[in-house]
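Sending over a structure as structure tokens; questions will come in a sec.
Labels run A, B, C and D following the written order; every chain starts at residue 1.
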Amino acid sequence: MELNLLVFCYLLGSVTFIVGLKMLSNPVSARNGNLVAAAGMFVAILGTIFLYEDEGKKLGNYGWIFSALVIGTVIGTLMAKRVKMTAMPEMVSLFNGMGGACAALISVIEFRHLMHGYDPATYASNGYSFFSSLDGTTMLIIFLGLIIGSVSFSGSMIAWGKLNGKIKDFAFKGQHIINLVILLLNVAIAAFIIIARPEETPLFFYAIILLSILYGVFFVLPIGGADMPVVISLLNSFTGVAAACGGFLYDNKVMLTGGILVGAAGTLLTMLMCKAMNRSLSNVLIGSFGGGNAAAGGAGPQGGTYKEISLSDAAVVMSYANKVMIVPGYGLAVAQAQHICHELEKTLEAKGVEVKYAIHPVAGRMPGHMNVLLAEADVSYEKLLEMELANEEFKSTDVVLILGANDVVNPAAKSDPSSPIYGMPILEVEQAKHVIVNKRSMKPGYAGIENQLFFQPKTSMLFGDAKKALQDLLAEVRSI
Amino acid sequence: MELNLLVFCYLLGSVTFIVGLKMLSNPVSARNGNLVAAAGMFVAILGTIFLYEDEGKKLGNYGWIFSALVIGTVIGTLMAKRVKMTAMPEMVSLFNGMGGACAALISVIEFRHLMHGYDPATYASNGYSFFSSLDGTTMLIIFLGLIIGSVSFSGSMIAWGKLNGKIKDFAFKGQHIINLVILLLNVAIAAFIIIARPEETPLFFYAIILLSILYGVFFVLPIGGADMPVVISLLNSFTGVAAACGGFLYDNKVMLTGGILVGAAGTLLTMLMCKAMNRSLSNVLIGSFGGGNAAAGGAGPQGGTYKEISLSDAAVVMSYANKVMIVPGYGLAVAQAQHICHELEKTLEAKGVEVKYAIHPVAGRMPGHMNVLLAEADVSYEKLLEMELANEEFKSTDVVLILGANDVVNPAAKSDPSSPIYGMPILEVEQAKHVIVNKRSMKPGYAGIENQLFFQPKTSMLFGDAKKALQDLLAEVRSI
Amino acid sequence: MNQILNWIAAHQEMAYIVILMIFVGIEIIGKVPSVLHTPLMSGANAIHGVVIIGAIIVMGQAEEGNIVALVLGFLAVILGTLNVVGGFVVTDRMLEMFKKKK
Amino acid sequence: MNQILNWIAAHQEMAYIVILMIFVGIEIIGKVPSVLHTPLMSGANAIHGVVIIGAIIVMGQAEEGNIVALVLGFLAVILGTLNVVGGFVVTDRMLEMFKKKK
């Protein structure tokens, strides 16, 4: 009876995951979708604690279970509540790593369980064969969960460190080959254990853990820090598969379906993310331009002549404009200039200037980066125009103020088929009357390519760190 | 071993059904999608014939099976190849009915099987209990398959007859109540058999068949003939569910998944069809305006004054136009005037007039009706403009020739919120310089509402049967 | 209520397969353009012809002497074949009409 | 080859569930607007926290004396909880940012 109820709880859980994820992919229902999935998860967890039984035996160790749950909940909530908006992707990465580690630990415990508390003497007395009765499939699944979980764990930790700025990009020649070797070695050992079941099984088993962790590290290390959102999404789908392995192991449908759902949806999402940046997944993973920012930087100032604008001129042009559009980009985010930007917006509005923001979907370093950033600074949602809308409004705009954005306003995406960003939709700022660009130098942005926009007669440059420049600009505007 | 292979065949079949249906919903891949699903079906059928075994026993009666397959294939292919393009929906309905009957027959045979060749004497000697060992679920599924299959069969036959013109709409007061009673009676008998298992079981069983068939007939009879595509789509999803019941019965995954897939997709499709016509499903089934064509017809000529145009004037206007757009509608289809229409198009083109067709998605009586109709008359595909494109081209059009279309050009859909078709996108023919409307009278079309377009200064009417009028028009045009 | 839970637990996998299939069915139709409604309906019609597999099994298991079962099974197989073959062929013909003649 | 077939047949339902779930996963993402990529990733991340159920089972089945199992299980449950709770909370916070302030 209770077991039947548990089956139903699990079924409910699976359905809420699907419905929740579906709702999450639509802006209107997204928030409720998250809650729906969370409710399903809650039911599934409670059901497991109180209803689960194996061969008639209920679960024990309630003390341990609940203390772990409480500890996890408190820490998790605090971390999630405290994190700065712009540090969200690293938070996701951290949590993803926890999930991966959890899956790996389950595999470890199950393996130890199968080994009945490994002890060489009993092992030998059993004729080295105490899992001869075990079918290869179970072993295979334990190994899969272990390897994928561990890779996801260590990879996520590295991704987290990179986004934190604690770990720097690190690549050496032939790294891809080493990675491949590690992976193959891993598979070979696993196969060896499953088929030959040698005396040293436990040793080999722990070697697999080590190698997997190593692989995760080497896999993520060389990828450019800016590509981390894509990598996190990929590792996310890995963890999903690892969770599904657990589902196989315990013949537990909610784990199986939840894991597979995330595995499939996550893989597609990863591809969609790459597509939004006009790149392929392999391109991101091999890092053909993501890591090369600095190297390509020197190519900057060859495109022609550009003109600068003084702070006071910029202030005058903007104060007497009818409509100003602000294009925020990655530079605004690193300079943490969103609050001062909002100040400027309010000051201009007080002077009767209409001010709006043009938001490119991949401006910044994570999808939705600009929305999150500006929401943090209390910019009202109605002022944020999506790309299509913004492109229509540029025609009637007097001044476009570009703050640390580069690739997302690069006309090469439309006009130059040889450009690596060719085909990416951009903000067509040239349709406005004036364009003022704030950045620190003529160096290129993420894609490492030059931007002809900066050399056009309409455009004038306002060099300097975004925060500093905006502060000065604000003072000038106020003094008019 | 062979059974394992069969499982794999079935898995393959299920996947091809999903992929095929997915491809079918995209114009580019649709045709291949159909082939993919057909290939999967072929594999599943062959697999069943040669690999299936039950308790170690293979299937027998190969002679019967193959002759039935050959007979079905020959007849099915011939019918499908010979049918006229515009009679497609009735063909689909017929085949759908066959599927429903097949599902119902399976239930009958299984029931008889459970009864070990019913014979009152043995029955009594068994203590009237020879399916006391049977679990209720199996019975339930047998009944479900029987009822749904029979309803689908008889309903489809009626739909077929209606589209054929052999069966007329037939409704009497309180019909919905009678339908409900039949349905409830059916359910009650089924429940009675399952729970009480009375002596007269077989009798009751055959009563269910009869009642189900009756229900199908009464269900479809009152619905307007023009709504048959929607009804067929609904019955289609019914048959899907009936097939899925078979899947439960034999624990056969390919039947189960295929059936459920069609059941779910068919239900959604039915709703989408209704939406394209700006109606709700219940509205179609209760027939609030579908059946009332004739009744509402009298309300026609109250809208104002309209002017007529003579054949020769119409011919002159069109011959000297730069661009003519033809808007085909249901009237063209019933008059079978597509060939003569194509003639007219060619003659005008020979005179240097640019001629195109504006195709509304729900023009005619089935989705895609006009595409099929004009394709039959060899009109080239490039000349057919979809609604959005057509609406843009009307601006530069000199003459719009409306042939037996009405609702799809009714401006009330845009301007009159109280109109039953309000909100349906329409062909905005008023943007052209002249509009010539061919129909037989001022009677309304399918929705039974008046059309203000006919009373506008731009519009002139050319009364007469579409085929006749076009022939005369063609003669006039040639004589210029 | 209890019985329903029992039933779900006993047919757990079936329940999952059915529910997932419903999601798949609904999702893959998505936003199909209305000109494709008829061919899609026709294609789906051919797919539920999979019921023929049940007919074949019934037919193949009928005992030699059981004329009624043989005849009914024979009929069922013919009807199923009509559904399958006719369905796919008619769909193909419809879709032929829609392809761009270039 | 033979073994694979065997395996599929033995885990027939599982195979169906997995395959159908893959279709569902791919289809429901469909055309998600790119601003939602991060919240969607985060929501999916919380969902795979369902792995915690495995951790709870392991923990609940560990024998009293088996300290290693208890400690590892304890750790696994904490990590899993972090994944679940942190994941859902962070997603909610993100989505809060996106809602229209009217």
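Here is the rule we use: a contact is a pair of C-beta atoms (placed from the backbone, for glycine too) under 8 Å apart; a residue touches a chain by one contact, two chains touch by 3 or more.
These numbers were taken from a predicted model, which means no experiment stands behind them.
**Q** By mean C-alpha position, what chain is farthest away from subunit A?
**A** That would be chain B.
**Q** Between subunit B and subunit C, what is the gap in Å from one C-alpha centre to the other?
**A** Centre separation, subunit B to subunit C: 16 Å.
**Q** Cα centroid separation between subunit C and subunit D, in whole Å?
**A** Distance between chain centres: 33 Å.
**Q** Taking each chain's centre as the mean of its CA atoms, how far is subunit A from subunit C in angstrom?
**A** Spacing between the chain centres: roughly 42 Å.
**Q** Can you work out the whole-Å distance between the CA centroids of subunit A and subunit B?
**A** So the centre of subunit A lies 47 Å away from the centre of subunit B.
**Q** At which residue positions does subunit A touch at least two other chains?
**A** Residues 18, 253, 257 of subunit A each touch two or more of the other chains.
**Q** Any chance you could list the residues of subunit C touching two or more other chains?
**A** Residues 13-14, 16-17, 20-21, 23-24, 28, 30 of subunit C each touch two or more of the other chains.
**Q** Any two chains that touch count here, so list every such pair.
**A** According to the stated criterion, the contacting chain pairs are A-C, A-D, B-C, B-D, C-D.
**Q** How about subunit D: which of its residues touch subunit B in the complex?
**A** Residues 2, 5-6, 8-9, 12, 15-16, 19-20, 23.
**Q** Any idea which subunit C residues touch subunit D in the complex?
**A** So the residues of subunit C touching subunit D come out as 13-14, 16-17, 20-21, 23-24, 27-28, 30.
**Q** Mind pulling up the subunit B residues that touch subunit C in the complex?
**A** Within the complex, subunit B contacts subunit C at residues 13, 17-18, 20-22, 24-27, 30-31, 33-35, 37-38, 41, 44-45, 48-49, 52, 54, 57-62, 64-65, 67-69, 71-73, 75-77, 79-81, 83, 85, 88-89, 91-92, 94-96, 98-99, 101-103, 105-106, 108-110, 112-113, 117, 137, 229, 232-233, 236-237, 239-240, 242-244, 246-250, 252-266, 268-269, 272-273, 276, 359, 361-362, 366-369, 371-372, 375-376, 380-382, 386.
**Q** Inside the complex, what are the residues of subunit C that reach subunit B?
**A** Within the complex, subunit C touches subunit B at residues 7, 14, 17-18, 21-26, 28-30, 32-62, 64, 66, 68-70, 72-101.
**Q** In their complex, what parts of subunit B are in touch with subunit D?
**A** Interface residues on subunit B, with respect to subunit D: 1, 3-5, 7-8, 11, 14-15, 18, 253, 257.
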